[in-house]
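Input: a single structure, listed below in structure tokens.
Letters are used for the chains, namely A, B and C, taken in the order the chains are written, and counting of residues starts over at 1 for each.
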Amino acid sequence: MQSLNFQQIWRYQDHLIDGTLHTLLLTLAAALIGTAIGLAGAAAVRSGPRPVRWTIRGYIELIRNTPSLIQLFIVFFVLPNFGLRLNSFEAAAIALGLYFGAYSIEIIRAGLDSIPGSQMEAGQCLGLTRWQVFRHVVLPPALRNVYPAFTGQFVLLLLGTSLASQISAEELFHAGGFIESRTYRSFEVYAVICGIYFALVMAFKLLFAAVGRLAFRWPVGR
Amino acid sequence: MPLVDIRNVSKSYGSARVLDGVSLEVNEGEIVTIIGKSGSGKSTLLRCINALERIDGGEILVEGRSVRTDMPKLREFRQRVGIVFQAFNLFPHLTVERNITLAPVLNKRITRGQGRALALDVLERVGLADKIDAYPAQLSGGQQQRVAIARCLAMGPHLMLFDEVTSALDPELVGEVLKVMEDMARQGMTMVLVTHEMGFARTVASKIVFMHRGRVREEGPPAELFANPRTPELRSFIASVR
Amino acid sequence: MRTFVLADLLSLFIALQWTVALVIIALGFGGPLALVLALMRTSGRRALRWTAAAILQVVQGVPLLGLLMFFYFGMPVFLGVEMAPLVAVGIAMTVYTASFLGDIWRGGIEAVKHEQWEAAACLGLSTWHQFLYVVAPQAFRMALPPTVGFLVQLIKGTSLASVVGFVELARAGQIASAATFQPLLVYSIVAAIYFALCLPLTLWARSLEARLNAAR
């Protein structure tokens, strides 16, 4: 058994910090793209014309039933054939954004569906406009209902960005591979990388819990 | 001119005819109680008065204007006609005060300060001024329903509709809601209600309407109607609720 | 450069066998471990509960890619042993499966009302029999839809084994793509195979879920 030596790894801390920042950046970029897709898609699935609804359903099933890795390869290797020049970070952001979008549509749609029609009716009866009913009656409780699923999906996205290393996008595993090639300390390198992910996941979970407590203060029940 | 004038209204869901040539007048200050078995069309009729349901034939006039789901100024109309539901339908994420002032603040352009005064005023009328900062989930069913009534009152309605407002309540909570409704009746509010509370119908209503299979079968003052039911349907209905 | 020929297609289907093998290994070893974790997580002993919670929390806070790298590159170096790729990949997939299934099954066990344990205890059943005959069948019903849903995650997850050079479906696709320079065609076929594998499971999970909701 080899003795542990983390000293050597720390010499490359700049790479680790850089990798962490890129992982976070990639997560946020994909989350933004995906959330935009989720909002637009959920609205279209609820009230769009039939061909649009079917197209969106097809997109959701396609994404959910194929590996992210293959989706990433298709975006990265195939889009350039159509004249779209993407660097690996952009390709990863788009591929992971499409992935997050498919799950977001389902989550947001379920959240909106969770608000009973009687709530909207009560809003109408007070003379509120359709927009006012959506903004003030439907949206706040719907947000609360989707919050756990949505933030859970965000954590899975954060973990999923590790795949971007497979198209050489700079992120944590990319940095890990570099350090490993210089130090041959595989065990320590991947232990540290996993440790960083775990710390990020815990930090986000704590952050989401705190934000949730602040944002959704009304008691539930009955 | 009656406040509400329902003329030969009919409505179907698919092949099922839920309203079949219903005519009914409600004068200002009247308390009209609609009774009948479930499925007799009474709740549907009530919802048509507020344009929550489309009607297929006939006409409903409120304050002389024809009520349709596509009528002009529908939102302004709804502010003058309050409706209280069986399931309260309070907004769970808003305090009692914000439930009451949401619509006035958004649409009547009153300030938050004026809103609080308004909320206090209507809450006093339902005896819940001390619950102004509570959330719906912190209230009993009876209290929630009284807040729902206060929310309607804050709009300054000319007419109040009550759709089985005590049916979802535990028996011991029914009384407090009925008392609020009695107070409103005494103060001259025009009210149309669908209810299974025969005691309330008997003592407070100025007119009882008995519906059966989408038609108005009998109407009249409560004492008369309960003492001398003319149709066998009403007779068996009265027997069944006793 | 050459064109994509039947032999390439065949190589994909041969590699598919290894995808299926990985799924079976992960379920075969990860399933029993998941049950142990779920029972620990719901047990009356605090030490067991916390240990299980910590394991679930850590494994689910780490990317599957990290587990693979760790067990494939890290462990053999650290232990100074040779480890066959299948063993390293198998361990990573097992750990992954155990933690996610463990969490799902914990949810199923917790969804069974406490009164059910009490009622079984009142009949004089041992704790194990209370679980086996009363709680487990009910928990199974609740946990089946998400378990099938996880199966889809697992099948997709095995594609990551390609990263360490294990030749399963995704890796075979990479090889064929590099040989033929037809990534669109090759990856579309690979995606279609995964899709054909996963969609029936997804639909099954959805119908199970709907049936469960209707029964409630």
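Some notes on this structure:
Here is the rule we use: a residue touches a chain if its C-beta (ideal position, glycine included) is under 8 Å from a C-beta of that chain, and two chains touch if they have at least 3 such contacts.
Values in this document were obtained by computation on a predicted structure and should not be read as measured data.
The chains in contact with chain A and with chain B alike: there are none. Closest chain to the protein centre (all Cα atoms averaged), using per-chain Cα means: A. Of all chains, the one whose CA centroid is most distant from that of chain C is B. The leading chain pair by number of C-beta pairs in contact is A-C. Computed from the mean C-alpha positions, the centre of chain A lies at a distance of 47 Å from the centre of chain B. Inter-chain centre distance (chain B to chain C, centres taken as mean C-alpha positions): 55 Å. Each chain gets a centre from the mean of its Cα atoms; for chain A and chain C, those two points are 21 Å apart. By the touch rule above, chain C contacts chain A in their complex via residues 58, 60-67, 69-70, 73-75, 77-80, 152, 156-157, 159-160, 162-163, 170, 173-174, 177, 183-184, 187-188, 190-191, 194-195, 198-199, 202. Taken together, the chain A residues at the contact with chain C in this complex read 1-2, 4, 61-62, 64-71, 73-74, 77-78, 81, 159-160, 162-163, 165-166, 173, 176, 180, 184-191, 193-194, 197-198, 201-202. Interface residues of chain B facing chain A in the complex, by the touch rule stated above, are 50, 52, 75-76, 78-79, 82-83, 85, 87, 89-95, 102-103, 106-107, 135-138, 141, 144, 151, 155. Residue ranges on chain A touching chain B, taken from their complex, read 118-119, 121-129, 132, 136-137, 140-141, 144, 216, 218-222.
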